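Down below are the structures I want you to see.
What follows is chain A paired twice: with chain B in the first complex and chain C in the second.
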Partner chain A sequence: MSFLKKKEFYVVLLIVVSIAIYIPYFFRVPQELINLQNWLVDTTVIIGALAVWVGFITSTRREVVKIQRRRRGWFYGIVILVLSWAMVIIGIGVGKTNVIFELLQRAFVLPGDSTIYAIIVFYLTSAGARAFRVNSFESGVLTLGALLLLLKQAPLGELLTPWAAPVAVYLENNVAMAATRVFSVSLAVGSVVLAIRLMLGQEMALVGLVQRVVRRDEEQ
Partner chain B sequence: MVFQVYPIVEGRISGLIIFLVALVLTVYYLQTKKVPYIRRVPAIDAIEEGIGRATELGKPVIASCGMAPSGIDASTVAGLGMLTYIAKLCARNDVRLMSPMGGSEESYTTMELARDLVETQYKLEGKPEAFNIDDMPFLSGRQFAWASAYCGMMLREKPATNIMVGVQYASAVYISEVGHEVGAMVISGTTYLANIACLAASSDYVMIGEEMLAAGAYLSRDPGQLATIRTQDIIKAVLMILVTLGVVGLTVSNDLVRVILSS
Partner chain C sequence: MSFFKTLANIDRRYYYATVFILTTLLLLFPFGLPLKISPEVRVTYDRIDSLQPGDLVIINFCLTASGYNELKGACNSMIAHVFEKPGVKVIFTATADQAPIMLEEIIANNGELMPGYSDYPYYSIRGKQYGVDYINMGYYPGLFKWIAALSADFRNSLGNNDWYGVDVSGFLDSNNIMEASDVDLVISFDSDDGAGDFMRYFYLEYGTPVIQSMIGVMVAGAKVEYNAGNYAAIVPSIRGAAEYQFLANYPGYALTQMDAFSVVQFFLILLMVIGNVGYYGYTRKLKER
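Then we have the complex of A and B:
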């Protein structure tokens, strides 16, 4: 099994898997190749599902150790263990559509989520207040644009300044849209190049195993 | 109307051309071994400054590789690359690194990988004993529960720097604002378009667009990886020319560029 220690093995594996994924995407190919592509995609889903269990068990072990050694916040470890295992047992035992599981979701999870989501508006306001300080020409333009959009969105603004809405719509549909497209294009190109970097084995930060193997090779 | 070439799937010719051009250019630049000029990216440079700040203040650094809602996608790969770099600097400077994991159901996968990457960096720096798995807790598989616990960690530990790179949704503003409240330097990066403006308003430094995806190559200073950034710039320049031609063409009722790009 010495080949597992070679960086080249992982690079070849990456290239073979990438080709098996890319070719059926771009070309009309026999059904066998499409099946291979689907199998690879399904395999990643299965690996992901297994990783969820690995993560869950690791978390459980971590919390158990924390409770046993009475580390800081050990009491919260009990809460985490009880709640997470209760959700798992009830979810698997009675199914996600069962009334008890739905009650747990509706009574505990959703209200908590909604509360935190609602709080964000205050943080957005404080971030906005800092960002819209007019101390340069650019920030002045930014504030003007934001003011026009506020006048359009607020019911009172629409009533008092009906001329603001068309200007704001123009800004949204042309100026903001153009900037968004720039981001979209640059992100798409960046993703393609990142994929090529991974495929060619240049982006090694992700593959911690390879990094260790390379180091071990250097030491030898 | 679109062009069709057998056996290429309809509508994917332009994508295939871009992909092949990028591949050929990358391989070409890899062979030349020249280090191309890369402009400075303030947000990435600020990471070193942020960790230096933590060293001077004797406070920890808090860093996240994002919520990974789609598992290990491009943004999460970039986030993990960045977390690896941060772990290396923290291990070298004896700064405590805290990395709250979670945010989505898929983040369990990322958690295992992130812990392994960070631990590896501590070992590579010759300080395996400095790695503490308790500093990389899994907080929650739900976005807002994770964000609340993340903010709780910041409020208790008062980190000198908060670095959040990867997939960030609505909770990003919440986290970055709390970071600002506790006096941390906030460095963020996301590819989620709706969030870039919010993070630009609430962070000290923000990685915009593809800067985050190129961060791994930028930080490595490796000619091979930098070659791919040169490729990226060339493709962007070609696309800018095509967009300009397309706009002019459509203005004079000629949709040739649109047809080519839709093919």
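Then we have the complex of A and C:
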């Protein structure tokens, strides 16, 4: 089993898996290769589920160290540990559809998540007054675009300023669309390039096989 | 000068208090502003309305609690509309871990317990019975990995047991649901990109139309896909949800929120103006000195 410690083994594994995933997606291949691709994709779902455990154990270790050393916010570490372990023990013990498990979700997870998201509106209004300041041509264009979209988006705006909607729709469907498509196309081309680099064994940093070298000027 | 100085230095807590008061008052006492229906929501309505008996719809919840309030109106009205169509079969799935709870809430909102049952999953929605017309398969981990697996190996990736452990293979067999190509429509309620993954693995692979209802921050990206023809239709955020509720004659939460939404947006515009007046009248002059 010493080959498991060798970097070359993982490089070969990475190249084989990349070929098995990418080639059937882009080309017509024999059924056996498609079956292998399906099996690999199914396997990633299981690996992903196991990765949650890795995250959970890492989080527990981090919080325990924080509590032991009485670092700032250590009390919250206790809350995290108690709640997360309670969810795991109750979830495994009584099942995902059990009333106690669902109560914990409904009483803690859902209200907490909703509250954090809802708070954004307060920061948004504050940012409206402070961030949208016209101090250059570019910021003026940005602010004008934001104003038009706000007028179009709100039913009250459609009622009071009907002229704003067609302009905002034009901005959305042409100007914003062009900018967003740049990202979409770049992402797609980047994915293909990444696939080729993985298949050639050129992208080792992505899977942690080599560390990315950080130059001193980059660090600063 | 003191007037501009006051405008430039308004304590942000006043903004927060005003937003809180405006939102609360308008949610309690909405005055019902007129609403214009956008073309993309009209397309969504027509697409769902054209479902035929025997069609199979996957309704996916890629939704967390943070986005639930924004999309609750769309979930209720669109699902009710699908269930009104005679002979249409539905498979509910979830690709976010919190989603099954919200899914159950939506099912309970739109349905009633079937005679002889006292708990989930046995709800009847608009005359459609659990296990006969629809099933709830619950949460699948892996998001795009699971959707890719579902596209390639539908029955094995879906499994034979629903979220409650009940064997639903009879439902799948009797409706001849064998492969991903048997799916006629996918509707995804998203605070993550579930519809994007269905588009990549179902629309691009089999031509299955995908409809997305998404939270506000995802609207720009969704419009690109919609205009490119990758999504069959979209229901953008709470505004889209309100329009759909109006179209489907399902008055509710999203429509009620529209007045508060409008007024808070106008307050935001007012703040942008105040901020700039204060900046030019006081802060900038101060800097110039």
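We take it that the second predicted complex is superposed on the first by the 159 of 220 C-alpha atoms of A that agree within 3 Å, B and C clash if a C-alpha of one lies under 4 Å from a C-alpha of the other, contacts with A are read in each partner's own complex, and residues count from 1 in each chain.
Everything that follows uses one rule, which is that a contact is a pair of C-beta atoms (placed from the backbone, for glycine too) under 8 Å apart; a residue touches a chain by one contact, two chains touch by 3 or more.
In this text the structure is predicted, and so the values were computed from the model without any measurement.
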| item | value |
| --- | --- |
| Partner chain in contact with A:A195 - chain B first, chain C second, else both or neither | first |
| First, second, both or neither for A:V134, with chain B first and chain C second | second |
| First (chain B), second (chain C), both or neither touched by A:N98 | neither |
| Touching partner for A:S59 - first (chain B), second (chain C), both, neither | first |
| Partner chain in contact with A:L124 - chain B first, chain C second, else both or neither | both |
| First, second, both or neither for A:R106, with chain B first and chain C second | second |
| Contacts of A:L151 with chain B and chain C, given as first, second, both or neither | second |
| Contacts of A:Q68 with chain B and chain C, given as first, second, both or neither | neither |
| Touched partner set for A:S186, first chain B, second chain C, both or neither | first |
| Residues of chain A at both interfaces, chain B in one complex, chain C in the other | 44, 48, 52, 109, 112-113, 116-117, 124, 126, 128, 130, 180, 184 |
| Chain A-facing residues of chain C, complex | 10, 12, 15-16, 18-20, 23, 33-36, 64-69, 98, 100-101, 120, 138, 140-142, 145-146, 148-149, 152-153, 156-157, 163-164, 220-221, 223-224, 227, 239, 258-259, 261-269, 271-272, 274-276, 279, 284 |
| Residues of chain A defined as touching chain B within the complex | 22, 25-29, 44, 47-48, 51-52, 54-56, 58-59, 62, 66, 71, 109, 112-113, 116-117, 119-120, 123-124, 126-128, 130-131, 180, 182-187, 189-198, 200, 202-203, 205-206, 208-209, 211-212, 215 |
| Residues on chain B engaged by chain A in the complex (per definition of touch) | 6-9, 12, 15-16, 18-19, 22-23, 26-27, 30, 71-72, 74, 77-78, 80-81, 84-85, 105-106, 108-109, 111-113, 116-117, 120, 123-124, 133-134, 137-138, 142-145, 147-148, 170-171, 173-174, 176-178, 191, 193, 196, 198, 200-202, 208-210, 212-214, 216-217, 220, 222, 224-225, 228-229, 231-232, 235-236, 239, 243 |
| Contacting residues of chain A [partner chain C, same complex] | 34, 37-38, 41-42, 44-45, 48-49, 52, 96-97, 102, 105-106, 109-114, 116-118, 121-122, 124-126, 128-130, 132-135, 143, 146-147, 150-151, 153-159, 165, 172-173, 176-177, 180-181, 184 |
